[in-house]
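Presented below are the structures under discussion, each in the form of structure tokens.
Next come two complexes, and both contain subunit A; in the first it sits with subunit B, in the second with subunit C.
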Partner chain A sequence: MATLHTRSAARLMIAPSVLLLLAWMVVPLALTVYFSLLRYNLLMPGMEEFAGLSNYTYFLTDPAFFQAVFNTLAIVLGVLFITVVGGIGLALLLDQPMFGQGIVRILVIAPFLIMPTVAALVWKNMFMNPVNGLFAWLAKLVGLQPFDFLANAPLFSIILIVAWQWLPFATLILLTALQSLDEEQKEAAQMDGAGALSRFIYLVLPHLSRAITVVILIQTIFLLSVFAEILVTTNGGPGTQSTNLTFLVYAQALLQFDVGGASAGGIIAVILANIVAFFLMRMIGKTLEA
Partner chain B sequence: MGSITLKNVSKVFGAHAVIPSIDLDINDGEFVVFVGPSGCGKSTLLRLIAGLEDVSDGTIVIDGKNATELPPAKRGLSMVFQSYALYPHMSVRANIAFPLKMAGEDKVVIDKKVADAARVLNLTDYLDRKPRQLSGGQRQRVAIGRAIVRQPEAFLFDEPLSNLDAALRVNMRLEISQLHQQLKTTMVYVTHDQVEAMTMADKIVVLNRGRIEQVGSPLELYHRPNNLFVAGFIGSPKMNFISGGQAASHQAHTIGVRPEHLVLSKDHGTWQGTVGVAEHLGSDTFLHVNADGIGTMTARVSGDFAVTHGDRVFLTPDPQRLHKFDEKGLAIR
Partner chain C sequence: MARNVSTQRKLVTTAVAWTIGILIFFPILWTFLTSFKTEAQAIASPPAFLFFDWTTENYFEVQSRSDYFKHFMNSVVISFGSTLLGLLIAIPSAWAMAFSPTKRTKDVLMWMLSTKMMPPVGVLVPMYLIFRNTGLLDTRTGLVIVLTLINLPIIIWMLYTYFKEIPGEILEAARMDGASLAKEIIYVLTPMAIPGIASTLLLNIILAWNEAFWTLNLSAAKAAPLTAFIASYSSPEGLFYAKLSAASTMAIAPILILGWFSQKQLVRGLTFGAVK
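Right, the complex of A and B next:
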């Protein structure tokens, strides 16, 4: 029914959602661009004046900026590495027939259902705390000095916490992919003389490649904007050791009350995210087409 | 070389004995077909030989060596699966080369063997394609190619033609038979299609509920079935069975007449009946006749025999080719 009439009717029907989406995206973006060109500090209301690109110069020359870019990438790559490798391992284990399979699978999914602030606080107070934490207790049990994770290795600790949250997601996606692997293919490989390792390399990994791509894509989107875990554990510190771009923009706007500088940071973050997205989509496009 | 001997082999899943106990000899170079209705254990038996399932009891001897405990790869067998089980992300070349690569063969040797196999199977032009770019028959040939490059003691086929359309199936049947003539390697072939069994086999093994009903050459099974099951399973259309008074007059519990051994006439004969359905194949016509006091019988007559629905006909069995069975269903000879 692709007549002229139905086509124009279809356009009319789609119009409201297109307009809504446009307003939703364009208005905030335009306002942010506008704010980023102002000297706009919440401590000096009514004193806004045009400032040109000085907000950008200020933000880009801030030593914290480069630290934040590095930290953002470290969190994304670190968490991706742990979740993909750990997810494949867990999925392989969960794919084995065992007693209580259903319950174990639900337990594995559980961390994903816990909200980020709660998860981070549980890790901070129950595991990583140098006095009361489980890790400190374990260290003392074998006679070692307790390690203060959040003070001495803040970025690593945050990567660990975020990875713990995303591991179930990766495991789940990879497990379903693993279960769709044809049983006869595995048997054929067995007849062809492939051992367990060869079957994994030549059969299982290529079969999982699409699922791994999906995991990387979805997780990258969320990992670029990790915030709650940093706020409740390290507050970006010590210094700026665990500050990522999101947290830096937050600190600029709501700790230093510099709306103009934060807006400039927001625009820079958008540009960086698009660069990442560009490379990601190229990589995905290749795998999903093949 | 490729002889396979099963002694007392049994397979039990939980409390259910799929194969109670089987003894079987497969000679070197033979084309053996396992045939039977679905669920008769023929595929399980093949998987036991392949080593993909463990036997519950008994021994499997391949090429004179006890292979009961050997892993599949060490038995010197290759298998062609029903779904072909090609590796989807590898090219045809890589698929065929995979078993050689796993065996750690030299790159030059692999290339030569793959090229040879591709030539035998007419796959040379397709070596760089992926399996999904091939037709069903080509995929089937790739699966066979992957099986032959290893030069195994014996080939195992698990219903390899059941995913192909009718015309292609007849073609591939012929190709597999020709391959057997060329290679002279033992082949064990599983099918539920008795036509495939009859046309390809040197030796047919008829299975029913995990038990061997009869072993023999196609014509042996056709002419001298041991029991009712084999008589009914081999031959198409199915043999007609008659019990009761008609059978008693031949000193049997049941008598069987093949449709092609019934003589039809429009005016005289032993039994009388009405034509129900006439299936015209051109060369032959299959008549489904409602014989008075006996029931429905199938008869195969020449395509020239002109009758239609409702005509009265007379049927006369060929007394030389009458099969007699006792009350246990065993043949009386």
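Right, the complex of A and C next:
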């Protein structure tokens, strides 16, 4: 179909994107690998020397590193759990006939469109603040002590904030998938005497599996790199209680100016993300091909 | 009778759905309301919901104290600039892959998607140093370049799924009639692809507007877009709820409106066409 002429033209047109993305992937990543092998601090310019793998041993034996890996996974899994379960529930609800469905949809989508720094600061100050926050007022209203969310449960608070931002995304995608479910199939199942629960388990859930997989894939990509929410709320603290890998590398690089150490951390983050991506892609491949 | 029951059920569903919808939306509504309060009212206990002296003073204060408009313009330039530049690079690529696919097209697409899986911290250090050494740090140009690169895979994927739906025969017909490649793109493909390109544009402006890793790390005072500007309110001296709310409202309002218009395309764009 395509002539030789158009085929070479096609290559020419793909070239800029491919070259740019290749450069974007290879050049900085190669530099990161190179820096990770150096003793290199921005405060001591000209003192760079080859350091072998010492940056890696430093990073991998740092207790903060294990805490950061744990926190990273806790954020990903916690947010995924809340958004997928909540998203399925909300999608089922929004799929029912009701008055003003369009407006409810708009209300539910809104948090996804809010920039992370605004979302985090609004939650931190106006809701979770132990003195002036709305939660503190509600607690006092029912006779409880106000709870200092970000000081006493920093990781949980961050998971809540991030889940609030991503719940609309899961809902929207699951709702779209739900609406493509054949009405007649549902009716047929009902005629055959299937209850609401068995209709959900045997009909709705399998139909949603593809959309759920997509939600998990895309959210995981973004959730592995949560940054702004931590920066403006807890700054990783108290201590390193709410530091994830992204934040740990940022702190090493731009607060301690340790280029070598931060680069080693960056490479470790890339390796971990690739392990996660490997399993995800396999899972996705199975679902998308089915 | 049956009709009666269903109306009743519909009313219950409506009540439940509206309650949940309003609860989810409440933080935004609360920010909006607080932006019209005085600082004293903003932290009053019990909180005032609607009955307070409405004032627009916070908005003027935010503008005069921290030059809000400058940061707004930075956001506009960075998000529009990176999106338009991305489209310019992506349209020919997506076109070629959709209409002249080879055995490797699927692999190329998957590879492009996989570049999104690289965590940004993996390249934070070299990018920061490259930017510092080339004078791109804290410039709009620098941020446009980075945001173009990080959103390019999404732009290509979105365009690809839209272009795929345009029947190839139409292009063949144009080619038979002697249209050159350039003419084919400009006069035949572009008009049919406009809706897809528009959705891609909209979604990427939203993504770029809200991007908060590179904008926070690679900008300081000069080129800081709204994400970084709002982050400056996290320091204790900036802890004024009413002003924070006014600044936040102005930062999110434009994108909230854009997003509501494009909610259908959001799903498709964000799932790379896997869910339509």
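Operating definition for what follows: the second predicted complex is superposed on the first by the 274 of 290 C-alpha atoms of A that agree within 3 Å, B and C clash if a C-alpha of one lies under 4 Å from a C-alpha of the other, contacts with A are read in each partner's own complex, and residues count from 1 in each chain.
Heads up, the rule we're going with is that a contact is a pair of C-beta atoms (placed from the backbone, for glycine too) under 8 Å apart; a residue touches a chain by one contact, two chains touch by 3 or more.
These numbers were taken from a predicted model, which means no experiment stands behind them.
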item: Clash or fit (per the criteria above) of subunit B with subunit C on subunit A; value: fit
item: Contacts of A:Arg105 with subunit B and subunit C, given as first, second, both or neither; value: second
item: Touching partner for A:Ala194 - first (subunit B), second (subunit C), both, neither; value: first
item: Which superposed partner A:Ala211 touches (first subunit B, second subunit C, both, neither); value: second
item: First (subunit B), second (subunit C), both or neither touched by A:Leu60; value: neither
item: Angle at subunit A between subunit B and subunit C, C-alpha centres, nearest 10 degrees; value: 80
item: Per-residue touch tally on subunit A - higher for subunit B or for subunit C; value: C
item: Nearest-approach distance, in Å, of subunit C Cα atoms to those of subunit B in the combined model; value: 5
item: Subunit B and subunit C contact sites that coincide on subunit A, given as residue numbers; value: none
item: Sites on subunit A touched by subunit C in the complex; value: 1-2, 6-7, 9-11, 13-14, 16-18, 20-21, 24-25, 27-29, 31-32, 35, 90, 93-94, 96-101, 103-119, 121-127, 132, 134, 137, 140, 164, 167-169, 172-173, 176-177, 180, 210-211, 214, 218, 221, 224-225, 227-228, 231-233, 245-246, 249-250, 253-254, 259, 262-263, 265-267, 269-270, 273-274, 277, 281, 288
item: Subunit B residues touching subunit A - in the complex, by the definition given at the top; value: 50, 52, 71-73, 77-79, 81-83, 85-90, 98-99, 102-103, 146, 150
item: Complex contact set, residues of subunit C against subunit A; value: 6, 10-11, 13-14, 16-18, 20-22, 24-25, 27-28, 30-31, 34, 43, 45-47, 89-90, 92-93, 95-97, 99-100, 102, 108, 112, 114-130, 149, 152-153, 156, 168, 172, 181, 206, 209-210, 212-213, 216-217, 226-228, 230-231, 233-234, 239, 241, 244-245, 248, 251-252, 255-256, 258-260, 263, 266-267, 270-271, 274-276
item: Partner subunit B, residues of subunit A touching it in the complex; value: 182, 184-185, 187-194, 198, 202-203, 206-207, 209, 290
